[in-house]
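Lettered A, B, C and D in written order, each chain numbered from 1.
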């Protein structure tokens, strides 16, 4: 009944594409008659642009990760559905910490806003760890998937979780370092995905990271 | 002409995924310079987080229910389409009572806000009862679906309707109890769905609740 | 190359489902501490609920109409695509006159708001007339479609256009009558669609109205 | 593995349809009790209507262009995915410069707003140039696509990039001329697409511009 997975993927895809498109609504246009003119007002919005680009990139990489993961699965149980629900609520939530980040970046509350932002990723990573655990526990992988692949993925997800947790701690003292760590993790995930892809069997190779 | 059902499902899926993603727009970021700093402002938003998580969960379970129901149907008549329209207008409406709930939870108007929230589910349940009735009346089930299955589903839907109605009444005197009842019903629906699924024929078993 | 039509339909479906879901964002929650409490505030929002339900219904019927129409078409030309774009910009625009209606209904500007609302449907009907004309002119109907079917549809669309135009005029003197006419037209369209459907060949019968 | 391309297209389609539907949220309804009544308030919103229609048209044409381009591709690499991500972040961003344009058109800041608007298209064109370069570099075209087709497309994209760049410069001195150039380019792209389509092999002919 891979039909079930198709519907879950379609629904999830909808949430992913809407969440990343809604991000733009958080950038408010400068008030007319702001001192220094429109140009100054537009330049002053740099934290909004940065937060927008960052969150867009995060959602895009999360979408790829989610897509890769679901491709391993032949069926969905109760637990998979709930864990996937947790992953989606995380994706849906992202516009909020993004807006807080945009409103606070460069100000006295930068570290609090970045900690909230990084903490959201800790929650999201927990949801994805739960999803992988549900897949592994239910023996839901397609028959052609290497038995050790899901273990390697679980291992990789646990490491990512720890990194996001550490980054949240770092955010409180060095917020920009924490943001840089988060970007670096995503770039690394993308690079692993594509370096492994050609040399390994399709479904397995793309998820070894 | 199952093609008609496919289109209805695709359109409905779109509405479901957008409605749950729009929920996040109702969480407004704390004003800069709020007393006690950003952290205090973020913590004070707990009603918004709770309302967001609750409504997301409700929409997710409703999506599963809707999906299960439509899988029984081979064709759509005029009445099915209108009843489905009522179900979708209910789903689309959810962000509004959610926002009212988020703005009122913990304040003097908690019971009114929860009553509106629960009342929305009464309307939604009425729409789903209408949908099942339209399917039963038009003899629209797929041939492989057990003739008694749709009757059992109708019975289950009627019970849910009564529970939501009672919960709305309870909301006026004990709002948090009413919210707990609503969560319990959804958890129960999910559990029934997955307990019955393996032991019964596919399409029928998943809808006996 | 019916592939082209599939993509156009998928894109159009996305716009339809998003447009009707966005309508809810136009209902603003009552201000805290409004005189008479939350309940009074919620009741005072009746124009918003009415406008929301009305526009949701209109978009739903338009989606059905659009779907029926595109099912006749085997290929899309330059003109079909542009006319479809006009139809979609109309659908996307609907939340704006809906919000104006919600803000004005029952007040001194009711007739202006209703005229704008009805005028939007005149534009929408013009777009659909253009779409049918583009299909007819390009001889783009599927071979199994009766040659006279498209002529009957064009005739029906022209009549609808005139009714919407007249309703807009009526709106200036009797706004609620104009709204009633608009509802009546959609109910009539739905009824014709389903009365004719069983007695006529599939693709043709559903479009004779 | 054209499956990968299908998912990318579905995700991209979601972003395109949401972005163009969100545009309407930027048109704020006139304040009640504005001097001269609702009608005057509605007429005064002409820059919003113009910006809305313009951006809708731009997104629609970009969607067609994107669709045409992806149809040539048999597989997606790391670079294609990143370049496509840049193209999508551009599409998602469009509602912001549109809102700035709507707020400034006809006022003293018109040229700044139009320059931002046109500058957004320069960024978007750069993303599409990157996308074509990634496709060409990875030899990712379907086997049936003429080897010179992708070179002709690259050439066409480079010219469009230069025109958008020049239009942004012109915006600073003659904003309405810059807007007219942008419209003209899109109309031209649409016309080329449909003039070439019938006379050339399917996949190749539609992309020669």
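FYI, a contact is a pair of C-beta atoms (placed from the backbone, for glycine too) under 8 Å apart; a residue touches a chain by one contact, two chains touch by 3 or more.
Computed from a prediction, not measured in an experiment: that's the story for all the values here.
A.B. asks: What is the set of chains touching both chain B and chain C?
C.D. replies: Chains in contact with chain B as well as chain C: not a single one.
A.B. asks: Residue numbers at the chain C-chain D interface: does the shared fraction exceed half, giving same, or fall under half, giving different?
C.D. replies: Both copies touch with mostly different residues.
A.B. asks: Please indicate which chain is farthest from chain B, where distance is taken between mean Cα coordinates of the chains.
C.D. replies: Between chain B and the rest, the longest centre separation is with D.
A.B. asks: What whole-number Å value describes the gap between the mean CA coordinates of chain B and chain D?
C.D. replies: So the centre of chain B lies 37 Å away from the centre of chain D.
A.B. asks: Roughly how far is chain A from chain D, centre to centre by C-alpha average, rounded to an integer in Å?
C.D. replies: 26
A.B. asks: Pull out every residue in chain A that's touching 2 or more other chains.
C.D. replies: Where chain A meets two or more other chains at a single residue, that happens at 14, 18, 22, 25.
A.B. asks: Determine the shape of the graph in which chains are vertices and touching pairs are edges (line, ring, star, complete, other).
C.D. replies: Per interface graph, the chains form a ring.
A.B. asks: When you check every pair of chains, which ones turn out to touch?
C.D. replies: A-B, A-D, B-C, C-D
A.B. asks: Can you name the residues of chain D that touch chain A in the complex?
C.D. replies: For this pair, the touching residues of chain D are 1, 7, 10-11, 14-15, 18-19, 22, 25, 77-78, 81-82, 85, 88-89, 92-93, 95-96, 99-100, 103-104, 107, 109, 112-113, 116.
A.B. asks: Where on chain A is chain D touching in the complex?
C.D. replies: Chain A residues touching chain D: 13-14, 16-18, 20-25, 27, 29-30, 32, 37-39, 42, 52-53, 56-57, 60, 63-64, 67, 190-191, 193-194, 202.
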